[in-house]
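Reading through the structure tokens given below for one structure.
By written order: A, B, C, D, E and F. Residues from 1 in each chain.
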Amino acid sequence: MCLAIPAQVCELLADDRARVRVGDVLKTVNIALVPQVRLGEFVIIHVGYALERLDPLAAEQTLALLHEASDLQPRRAESANDPNGQERTDEIH
Amino acid sequence: MCLAIPAQVCELLADDRARVRVGDVLKTVNIALVPQVRLGEFVIIHVGYALERLDPLAAEQTLALLHEASDLQPRRAESANDPNGQERTDEIH
Amino acid sequence: MKYIEEFRDAALARTLAQAIGQAVEPGRTYRLMEFCGGHTHAIYRYGLPGLLPKAIKMLHGPGCPVCVLPIARVDQAIELAGRPGVILCSYGDMLRVPGSDRRTLLQAKAEGADVRMLYSIDDAVTLARQLPQRAIIFFAIGFETTTPATALAILRAQKLGLSNFFVFCNHLLTPAALDALLADSPNPGSWIDGFIGPAHVSTVIGTAAYQQVARRYRKPIVIAGFEPLDLLQAILMLVRQLNSQRCAVENQYHRVVRPNGNRLAQDYMAQVFCLRASFAWRGLGTIAASALALRPAFASFDAERHFPLADRLSREHPGCACPAVLRGQLDPAACQLFAVACTPANPLGACMISAEGACAAVYAYGRQPLREAL
Amino acid sequence: MKYIEEFRDAALARTLAQAIGQAVEPGRTYRLMEFCGGHTHAIYRYGLPGLLPKAIKMLHGPGCPVCVLPIARVDQAIELAGRPGVILCSYGDMLRVPGSDRRTLLQAKAEGADVRMLYSIDDAVTLARQLPQRAIIFFAIGFETTTPATALAILRAQKLGLSNFFVFCNHLLTPAALDALLADSPNPGSWIDGFIGPAHVSTVIGTAAYQQVARRYRKPIVIAGFEPLDLLQAILMLVRQLNSQRCAVENQYHRVVRPNGNRLAQDYMAQVFCLRASFAWRGLGTIAASALALRPAFASFDAERHFPLADRLSREHPGCACPAVLRGQLDPAACQLFAVACTPANPLGACMISAEGACAAVYAYGRQPLREAL
Amino acid sequence: MKTSQPVAAGHPERIELVHGGGGRASAQLIERMFIRAFDNPMLQQKNDQARFDVPTRRLVMTTDAHVVSPLFFPGGDIGSLAVHGTLNDIAMAGAEPLYLAVSFILEEGILLRDLQRIVASMARASEAAGVPIVTGDTKVVERGKADGVFITTSAIGSVPNGVDLSADRAQPGDQILLSGTIGDHGVAILSARDSLGFTSPIRSDSAALHDLVKQMVRQVPTIRCMRDPTRGGLATALNEICQQSGVGMLIDEQAVAIAPAVQSACELLGLDPYYLANEGKLIAICPAAQADRLLAQMRAHPLGQGASRIGVVTTDPQAMVELQTALGGIRLLDWLNGDPLPRIC
Amino acid sequence: MKTSQPVAAGHPERIELVHGGGGRASAQLIERMFIRAFDNPMLQQKNDQARFDVPTRRLVMTTDAHVVSPLFFPGGDIGSLAVHGTLNDIAMAGAEPLYLAVSFILEEGILLRDLQRIVASMARASEAAGVPIVTGDTKVVERGKADGVFITTSAIGSVPNGVDLSADRAQPGDQILLSGTIGDHGVAILSARDSLGFTSPIRSDSAALHDLVKQMVRQVPTIRCMRDPTRGGLATALNEICQQSGVGMLIDEQAVAIAPAVQSACELLGLDPYYLANEGKLIAICPAAQADRLLAQMRAHPLGQGASRIGVVTTDPQAMVELQTALGGIRLLDWLNGDPLPRIC
């Protein structure tokens, strides 16, 4: 029910609408909840609405940490014990 | 379009309706145009309405005349030259 | 089936045919027009041309209300069927009559219009009660036979207080057409010797309605039933009238038809309908006082008032010989389009449209024997 | 698919599982409840139980809005669908949820009701514009994830001046349920060590919304994404919190979830909805201030006001163990009806209804391995 | 995993879309309804096709969709009709039907008990005919996208040695035989329609004719062709043969039997029995020398008791059917033109 | 009697009830549309059945109704689908399809040009497959009583000597092969539905598999069984085989190919590709010793290029299909339960 997936905004349309893509699949969604979204950004889509923007830096951070743990070699300077706690910035660039 | 056939009244229903039969086939028709019709009488049915009562005596007369001509022997006293002209009675018994 | 089968008796038919053969005067041709499409249909269906002596030449008249309805009215019915919320109902015969561009109500239905075939106009009133949010328009056609049913249905709708029942009225009057058929000629009716008069129209209007035409044009008329013996007897009666140079209105179908018809039916018709000044008959042209409209008192049931309709022009196929065929002046098979471009599946003219049209009857029942005869 | 596939990487999953295995303290069991049905579904779908050390015991929470909707509300939706002129729309999940007498909206549809599955509530507004003579009722369900969409749709309908668009509002609040789940026990939450918090609910309401519960009941909560790596990472984070005896609200899903959520979405929700005094959750009982209704200013869009509905009693199957299953106190497979009388095709209780219900997830993905485990 | 679903009073079970989804509900419907009713080892294997050995290598195959409305009518239902109609098309080649395949299109919302009744009727018809239903398919479409139940049946049959029936083989001089009364099926269907509001004692003649045909081809293997006068009626079937063989026909109206109630209904509704559908009658055309023998054989069979010789094949480059009327006149008997009676088979 | 009807601009020709009435208009539609497109001598004879000689006496027969919505979709249409679907059911027995029969149910009002397009597509598919359409039927129902066009196709085929495929023959230890990606057809259909409002480059995989199968059974006549995972998808087809053979299966998720766009559409719509329909894929189960040879043979054929070994048959009295997930976990792969995607085939 709360299924939602990341999609990239590939066209901004009138009436709070945008064309987004997931892989090769295109769909028109409502972006009234994320009016500041820009072309190329990723949003989380739920029942035809974009709920929020996805922060690519934060995603990369998460993945980097996981790879780091996996490779046992740091890919980034950071190496916190608590991988992504409360202190994290919540502003998207 | 003006197709109409004789049917026998076998049940009088409410609302100017009657059940009529043609052979073994039963149908409900409107009898508002022949309010005086009685059970057992024949009526002429057209688009679901009884248009008129059929006069059995007149029918028999016509047939008798035809048989007469055919048998070359009279089946009834009557033997007019003009088989059913204007002078005929138009009252049903 | 009582009062049906007796009048189809083969032995009696032969006797009657013989009597006709004996009655005809040598060297004389009797050109008899059956006005009714129902008679035309019966003549072919029972194969009567094969029984009759050559001296009897049957001419087919304009008496099929489906055939003579002008294209413009069909177009208007199709237009009505396309209005939102409308259910257009009619008798089955009307649904495949082509209007302009060969369009029929059945095609409109296939394209999405709600068009329904009903057995009786009563069913349309019932439908209007059941579906109060829809507009039920009955495309009413027919001669005086069918008109009383329409009158009663409108009176019933009034009694029920229905505001969604409408009649698109196309009822026609037969005596006016008979008159026009004869009048419209320098030598009125010179190609017709006598008439077989309508059976069920006469049931309603009576035999008296034809007296004027018979007297004015000096043509004998015999009202006849639709069964083959009725027709044969009527032919015999006409031959005898012609032989004795009478021109009376006689009544072969007196088991049903009364001199004054059904007065009650006439009263209902008079209550609901009034005369139109004129009406354009397909093939016969515009005829004064030949059709009915709803009286102003029933205007709320009148589809023509409730749904404004554009006037339309009827464009007939240029090669169609219907005007002559409908007047009995030309054999259907003599039309250049007959059975070539014009068939029941693809009728080009009025007479091919209904099964009771002269061209349709000849096509369905008689085109080969007729070819031999040509 | 960017930001999806990376979080399903098998090698990384194994690394994380190993890390969890290394992190768990010997002899200790970590009883972790994923609140969300979406998490339950993902856990089984990706086969995570097979990857995790035995020390990790996943408990499935009540976080499927389809499952926890009481029978009475389903009955009312079916009743609404049967009203003349109504088109009842909802998300696909709702249509086969049984109400009383096992009746579903799909059955009502089969019996003739106009019931439509929509992908988005926006489509219902569009339908209302297209069919002004029909009443379009959207059967709105969902947690805070779905609620903003409903709010925006109502605002759009208002802007369009629609008078035939209605919402049957069944939006529920997750923090209240989480609180009730823990509170409703003499020893609050004694069977749970920590929570995986909702992903997309949190996207809307933010991580801050869980602080109160975490503090009051001293349970760590980690908000997690729905992908397998998200879940594994969140489990690792919970294990670490528990090992270090912390009970913070942490945010594994910080690529999407902000501490304060989506303020704009919250504003729209606040504009359109107000709190219900209480709401009867299926399986969890009546919970105060746990559901939303339309504000009086939007009463004209409120199906409950426009179509008076009788109050109804929910009768649950007596043998159904859902209350315990929804609280994580009983394994689905331990219910005596599980997979015997209760299956996804014929669900008897809340947890078998939606694919995201705990019993349905176990049935579809895990019933054999689980049996081995029993 | 048994689910014995209690049926709530007032809410009889109905077909839902899920029954056509191809999943568990489909499998259960097939198992409980179709395999149970049509019970035979080929169906039990639940493959997507049936496998069997045929007795000869000379085969015929046919298919017909059945969309009759209403589904139940005096003398039959869409189920028995779908079996008979297809068996008859096999029989019209002089062949012996071997196996039936059946494909259902169900409208969401039809009552399971109605479907059950139809399926039981098919099972009885198949059993009575000795021709098993060996494979099938079921689809469910949304409410308003079909009309209750549509059934397409297909069959194969084997052609006996020496038998070679085809509608292009009629020759001038051949005799035309008809196995009984005409129009019964058409009138039975119409009488079952509420909208026409009439009642009659007429029942559909729906029947499987292959046993009658088996006797006929055994007795007279030189039969030129047979046809069952279904949609379009006797008139159209005769015209089809004329067109395909390039011949004419002369039919004797008095020899064509019509039940009185059929005649009555036709008068009342303005229909012509020559264009009404039949579902248990056949036309056979044979060399004149064999006509007596064939007629006797037909009359000896319960389904041919009312058989008669109705006319002769003539030379006519225009391939027209002429009718000698009871009154002695002659007229054409044309193809069905225009308005059909909707959904009679 | 030629009637060359001028088509008025703005009013394209449509199917009317009269086209199904069995009279002249029906005959003309059949002649001009079907016989012309499917042109072959058996149809030309215009009998109600087709007659032919079959090469062997061991036959298979199948039937399937096709009710897909929309009628036209990326990669095919209801016409090609109806041909492929039925040929594939023949092929799944290891048989060579011989003849097709086709039965149309048309909704009053459909455009003649749409029907023409569908019929042309069927003709192309039949021609490409080398399997003629030899008999057929056409019914027309009132507007609102169907959904454009429904097509039921039936076919017979001959089974080569030594070939004995049946879904009850899978044995523990057998290998499970799949001929390519899954879910393409299902997503293609959904993407063609306006109501879902998404677009994707995915085309239906609709294809006739009998030539691939011919190579496969020639190379490995000991194949246990094959099935085309249509409605209900791969998951349901595997479960059917397990149930019928009384075995279990262990499937390797990583070996099951899914096109990226199919995966994307599934994410977006919340669908599971294991339950999506395929119309040009097959599952084959064979003894382990022959698996390599069979896989090589499959990959050598254009329709089997993407073939892979997706799992093994196991011993399981509960006849369940287990899936080893990409992450290394194990879960069940159940039958399709509940909500189907309506009208995908």
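Side notes on the structure shown:
The working rule: contacts are C-beta pairs under 8 Å (C-beta built on N, C-alpha and C of every residue); 3 or more make two chains touch, one makes a residue touch a chain.
Chain by chain, the UniProt names read as follows: A, B = [NiFe] hydrogenase metallocenter assembly protein HypC; C, D = Hydrogenase maturation factor; E, F = [NiFe] hydrogenase metallocenter assembly protein HypE.
Bear in mind that the values here come from a model prediction, so they are computed numbers and not experimental data.
The chains in contact with subunit A as well as with subunit C are F.
At the interface between subunit E and subunit F, over half of the residue numbers involved are used by both copies, so each side presents largely the same positions. Greatest Cα centroid separation from subunit D: this falls to B.
More C-beta pairs in contact connect the chains of C-E than those of the other pair, out of A-F and C-E.
Distance from subunit E peaks, on a Cα-centroid basis, for A.
With centres defined as mean CA coordinates, subunit C is found 22 Å away from subunit B. Chain centres here are Cα means. That of subunit A falls 64 Å from that of subunit E. Centroids of subunit C and subunit F (each the mean of its C-alpha atoms) stand 55 Å apart.
Residue positions of subunit B touching 2 or more other chains: 3, 5, 22-23. The set of subunit F residues that touch two or more partner chains comprises 17-18, 24-25, 197, 260, 263-264, 267, 337-339. Contact of a single residue of subunit C with at least two other chains is seen at positions 1, 4, 96, 119, 123, 343, 345. Chain pairs that touch one another are A-D, A-F, B-C, B-E, C-E, C-F, D-E, D-F, E-F. Subunit A meets subunit D in the complex at residues 1-6, 8, 22-23, 30, 32-35, 42, 44, 46-49, 51-56, 58-59, 61-63, 66-67, 69-70, 81-86, 88, 90. Partner subunit E is touched in their complex by these residues of subunit C: 1, 4, 8, 10, 13-14, 44-51, 92, 95-96, 119, 123, 228, 343-345, 363-369. Within the complex formed with subunit A, the residues of subunit F that make contact are 191, 197-202, 260-261, 263-265, 267-268, 270. Listing the residues of subunit E that touch subunit F in their complex gives 17-18, 20-27, 45-67, 69, 89-90, 92-93, 95, 99, 101-105, 134-139, 141-142, 144-147, 150, 152, 154, 156-157, 159, 166-168, 227-228, 230-233, 236, 240, 244, 275, 277, 335-343.
Across the complex, subunit D is touched by residues 1-3, 5-6, 8, 11, 14-18, 24-25, 28, 108-109, 143 of subunit E.
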